Amino acid sequence: MKKLQKVAITLGILILVSFPYIVPNPYLVRVAIMCGIYMVLASSLNIVIGFTGMFSLGHGAFYGIGAYTSALLALNLHWPFWVTFPLGGVMAALFGVLIGVATLRLRQIFLAFTTLGFGEITRILILNWDSLTRGPMGLPGIPIPTFFGMRFSQVGYYYFILLFTGLVVLFIYRLYHSRIGRAFIAIREDEVAASHMGIHLFGYKTLAFTLSCAIAGLVGAFYAHFARFISADQFGGNESFAILTMVALGGTGSIIGPLLGAAVLIIFPEMFRFLAQFRMVIYGAILIFVIVVKPGGIVGVRGVFEKPVQAIRAKRSHQKGGH
Amino acid sequence: MFFQMRKVRKTFGGLVAVNDVDLDVQQGTIHAVIGPNGAGKTTLFNCITGLRRADAGEILFEGENITDLPTHRIAAKGIGRTFQNIRLFPYLSVLDNVKVGTHLLNPTTLWDTALKSSRFRKLEKEVEDLCMELLHQTGLSEKKDQYARNLPYGEQRKLEIARALASKPKLLLLDEPAAGMNPAETAELDDFIRSLKAKGITILLIEHDMKLVMSIADTISVIDYGVKIAEGSASEIQSNERVIEAYLGKRRN
Amino acid sequence: MSKVLRAILLLAVVLGVVSNGYAAGKQEKAKTDEPVYIALTAPITGDYAEYGNNFKRSVEMAIDKINASGGVLGRKLAVLVGDSKGDPKESATLAQKWTSDPKIVAQIGDFTSTCCLAAQPIYDQAGMVQLSPTASHTKFAQGSKWSFSIVGTQAGEQPFIADYAYNKLGFRKIAVIHINNDWGVDTARYFTDNFKKLGGTITAIENYFDGEKDFTAILTKLRASNPDALFMAAMYNDGASISNQRAKLGWNLPVVGPSSLYSEQLLKLGGDSVNNLYTVVSFFADDPKPEIRAYVTEFEKRYGLKPNFHAALAYDAMMLLADAMKRAGSFDRDKIREALQATKDFPGLAGSITFTEKGDAIKQYTRVMVKNNKFELFDKR
Amino acid sequence: MIVQQLINGITQGSIFALLAISFAVIYGVLRLVNFATGATYMMGAFAGWLTVRYISQNIFLAMLAGLCTGWSIGFLIEKVAIKSLRGVARIASLICTIGFSIFMIEIATVIFGAETKAMPSFFNEKAFTLGGATVVWYQLFLIGTAVTILLLLQILIFKTKAGLAIRTVSLDFKTAGLMGINVDRTISLAFSLGGATAGIAGVLGSVYYNIVNPTMGNLQGLKSFSAAVFGGLTSIPGAILGGYLLAIVENFGVQIVSGGYRDIIGFVILVGFLLFRPRGLLGKKTSL
């Protein structure tokens, strides 16, 4: 079994690595790049929702903060991509810590709404802060990254995001099987019991949230230099909901789930372009169907979604005493 | 003094759940707290582990005041516990449940995790070994990959103890560990708790199974309506009039 | 396991470096019995769906007309429609889809400037004409030699409107309301600059975000600045809502606005409240010119509604593209671009089209006004 | 001008209040935010539009159509999605309501087309002028109708058996069941009620703004949610207060600051209240 798994993974990676050569079609390569971007976004959100059991509805904002940070540094200060890319992550992480510290003490559902509000505020601020962000005009002409003096071609972008997605998935895999990941999941499963194991709830929640934001910020920075034009409406509430949908559809709390969800939700609309206006109707219907039939998502860890309401209520009443 | 409670008081609304309770636990002993249902025993435990904040009084552990510390800090001082209504991590495997218990012993950093450093691997190995050892002791090693929620009730109790032990506590609070166990299992538990004592772990125990309590407890404190009404060895308690009255009086209601 | 993984990732890096610079999707020569494909990118669903659907209607109509008269260079034309949903990412993905398909020779669209700008780098890199009927963002046509817009920039339109307002209508104090997007900001900016230059006063400027339905607060605030007229940089739907609410507030004053207000929808949605509205057009559906009559009649027959400014622009875009292909004598993407760039006085429904060096169209405008819930030529009055 | 802004705010607030109630009724019994509320509002508006266009130019008939449509949608959402997800963490239900929202908006686009439709005005004559502010009859009608609905709801919730059931379930799910209350039916009722208020709000709003289109409910829904949090998600009077206050604050915000920051007001209130007073102005502390 282990061996078979190894072979499958190796084969899969080989296919991914040779993809632009097997399918030398820039359109398909672009779809693959978008898949990569959303796989990373969904995986990062999964750290918060799937592992730690907190709801965030503002993930698009952190993605946007990363994109704007990197783009503005590149456009205004002409810093190279290799500097602005990590800074996009750092900036998103900073905002993550800020929002986290302010809101993570709230009960789950309220965290969701606060992040929703924060996301909208971010979007509107980007739109109104003309002098910095050029407001509704957006930021065109973001430079193409160079690699040893060579400008990225589309295939270059593909390999970058492939590598980055691989690293993120590897990181999340290791996290999942580490002390820190176990602490996240323990918090999701039972906060009271977790704190009795010596887990600093607030600290670990903040860590999960910050990690998630940092990864979203990084991929945002990549997106800015890939799309080369960004505007506030690309990072609004719709984006947050789309990422959330990917996680929920693919499977919450598993490592593969968000990857699957992102792939399905990026590839499906492309495949069904011929359905024209029915495309989105079907999309909505499928979303309802999957959640009703399999609340944890296609390959989700059951625990996240199938926890009976009573258990949550019980926990809530305990928390009340705790504070 | 190893563990002390000084005039600890906890009220909920108008109800006094714990009323100026003093408690001394000697190191290396098994100390049982008994009392009728609703006497405030679990609240007492909750005050100790910081789940509830005591309204008055203080709690000292190894000479240090831990009254107002948050739960995870109290756990870090070396106090482990199990819960009356089992609180496992239902969708984690049996082994992972115990691994979470080792949280405090494991100084892995995020950096170690990301790079899978040799330190990370060494520490993970140690954790794995420790946890497997504990599962062997509790007889759960064969079920290590099952979800905790799928274990039968008795084994869930055992797993909770194993998880608490994984943090190598100095003081272990057991909240009704024998609840729902059959006599054979209870006898097993009796041996197991004794073996813990032999390893030097101090045990504070809430239990309704009087046979078990009388058999293993070095000291017994009796609580009724939040007030400590008696304390002493098994034989002293058995002959204490107030205790009998409390129990019988309760029954008459 | 992790060693294998590491090796593969390393391989990925190496391959990436080696292949950096690799490009695919070169155009092939297609057989002559196949149609020539034009791509249309438009928001068929989502917030801007009605504009996108108008694009689609007009382009399909234009193609039918071209094919009925024998096609271009002996070949039939066909259109492939892609729904961008008004989402810049979709628009860019479609751009990649179109450019990597050797069958497709040029693209028309998208509707919003944001979408056009997002797709621009892809058309630029692949070398395909990106002819937007409506993108007016100043950075758009300048951004690439492959990008063209025929709507005319606000830099061209607003001096004309400012003159209309100041000299023809005699307004001296104007309050401005504009939608807070790239188009609205540009429109408002060029208008206020030009109006001030003529000696007029801008009494107040307020903006609103896309999706807003309630304008009463903004209107009340603008009213307090006591202007002679209101300048409204909005699309016709919002324009109608603003007018309706203005009327409800009992605030009656003349309104001036850009050519995007010209639509039957404005009259239908705005009712009596849009009377006394002054705008300019480069396409006027009631124009007696035979080609416009023919277009309007045909459009009404096919789709049961009157074409508006955006529909006419899309029609022009398609006709212009066909004309450019004829002039180029080829379906080569490069040749089409050159021919398009060389366009001079192309007789479009929405005015004749000549491209600047940057790829912006210079347009001519006609003054119109709404009277008795109908658009009328102003100068005929 | 201040009077005018106040009147604008109260009119707009009436629509917010109705939608905020829709959030509050459902949140009350199930602790679930129904993200399909904006879409229900839109569907209600379309029902009203169809009535006015094809049946009769009667606003009351249109409102009835909006009510019935909203009621059915609420009922349907509960039956299809919420009921089967009862034992499951709330985020699944939440995502399901997002799915319904997408579905309804897109199906409306397919059926009715994306073009904005004109909704006729009713009672559009000027009623009176007050301190330089113009008030049209419809504004009074809108405010009056909203207040009537709010009062009816209050009576329903505080004076009827069904209302008692709703209140009990919102206090404690399990105990309500033990006390012999039909929890299933109560939740279903709450969803239908929530849908109905959103549906009526859709008709009222579309008549006030004279437009109907598939995306009309998006921003309206989000803002009304802020309003509901503002007033207290678990309290119906709170939601009403939140609706009116948010609209008034927004209108004065535009007056004092600028239209560009208008939407921020709502969201800052949302975030601020969640952080510092999550139960809102009137919400009960214990029932959060």
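Chains here go by letter, A, B, C and D, matching the order in which they are written, and residues are numbered from 1 within each.
Assume a contact is a pair of C-beta atoms (placed from the backbone, for glycine too) under 8 Å apart; a residue touches a chain by one contact, two chains touch by 3 or more.
On a predicted model such as this, the values are computed, not experimentally measured, just so you know.
Path length between chain B and chain C in the touching-chain graph (shortest route): 2.
Number of steps on the shortest path from chain C to chain D, with steps defined by chain touch: 1. Taking the mean of all protein C-alpha atoms as the reference point, the chain centroid lying nearest to it belongs to A. Here A-B and A-D were compared by C-beta pairs in contact; the pair with more is A-D. In this assembly, B is the chain whose CA centroid lies farthest from the centroid of chain A.
Averaged Cα coordinates give chain A a centre that lies 40 Å from the centre of chain B. The distance from the centre of chain A to the centre of chain C, with each centre set as the mean of the Cα atoms, comes to 34 Å.
Here the CA centre of chain B is 50 Å from the CA centre of chain D. Annotation for chain B: residues touching 2 or more other chains are 116.
Residue positions 124, 127-128, 277, 280, 304, 307 of chain A are each in touch with at least two other chains. Shown for chain C are the residues in touch with two or more other chains, namely 45, 49, 180, 209. Inter-chain contacts, as defined above, occur between A-B, A-C, A-D, C-D.
Residue ranges of chain A in contact with chain D, taken from their complex: 49, 55, 102-103, 106-107, 109-110, 112-114, 116-118, 120-121, 124-125, 127-128, 237, 241, 244-245, 248, 252, 277-278, 280-281, 283-285, 287-288, 291-292, 295-296, 304-310, 312-313. Of all residues in chain D, only 1, 4-5, 8-9, 11-12, 106, 109, 113-116, 118, 121, 124, 126, 129, 134, 136, 138-139, 205, 209-211, 213-216, 218-220, 250-252, 254-255, 258-260, 262-263 touch chain C in the complex they form.
The part of chain A that touches chain C in the complex is made up of residues 6, 9-10, 13-14, 17-18, 20-21, 24-31, 34, 124, 127-128, 135-138, 140-141, 147-148, 150, 152-156, 158-160, 162-163, 166-167, 170, 227-229, 231, 233-234, 270, 273, 276-277, 279-280. Of all residues in chain D, only 31, 33, 80-81, 84-92, 94-96, 98-104, 106-107, 109-110, 173-174, 222, 225-226, 229, 260-261, 263-264, 267-268, 270-271, 274-275, 278, 288 touch chain A in the complex they form.
Across the complex, chain A meets chain B through its residues 171, 174-175, 177-183, 185-186, 189-190, 192-201, 207, 211, 301-304, 307, 318, 321-322.
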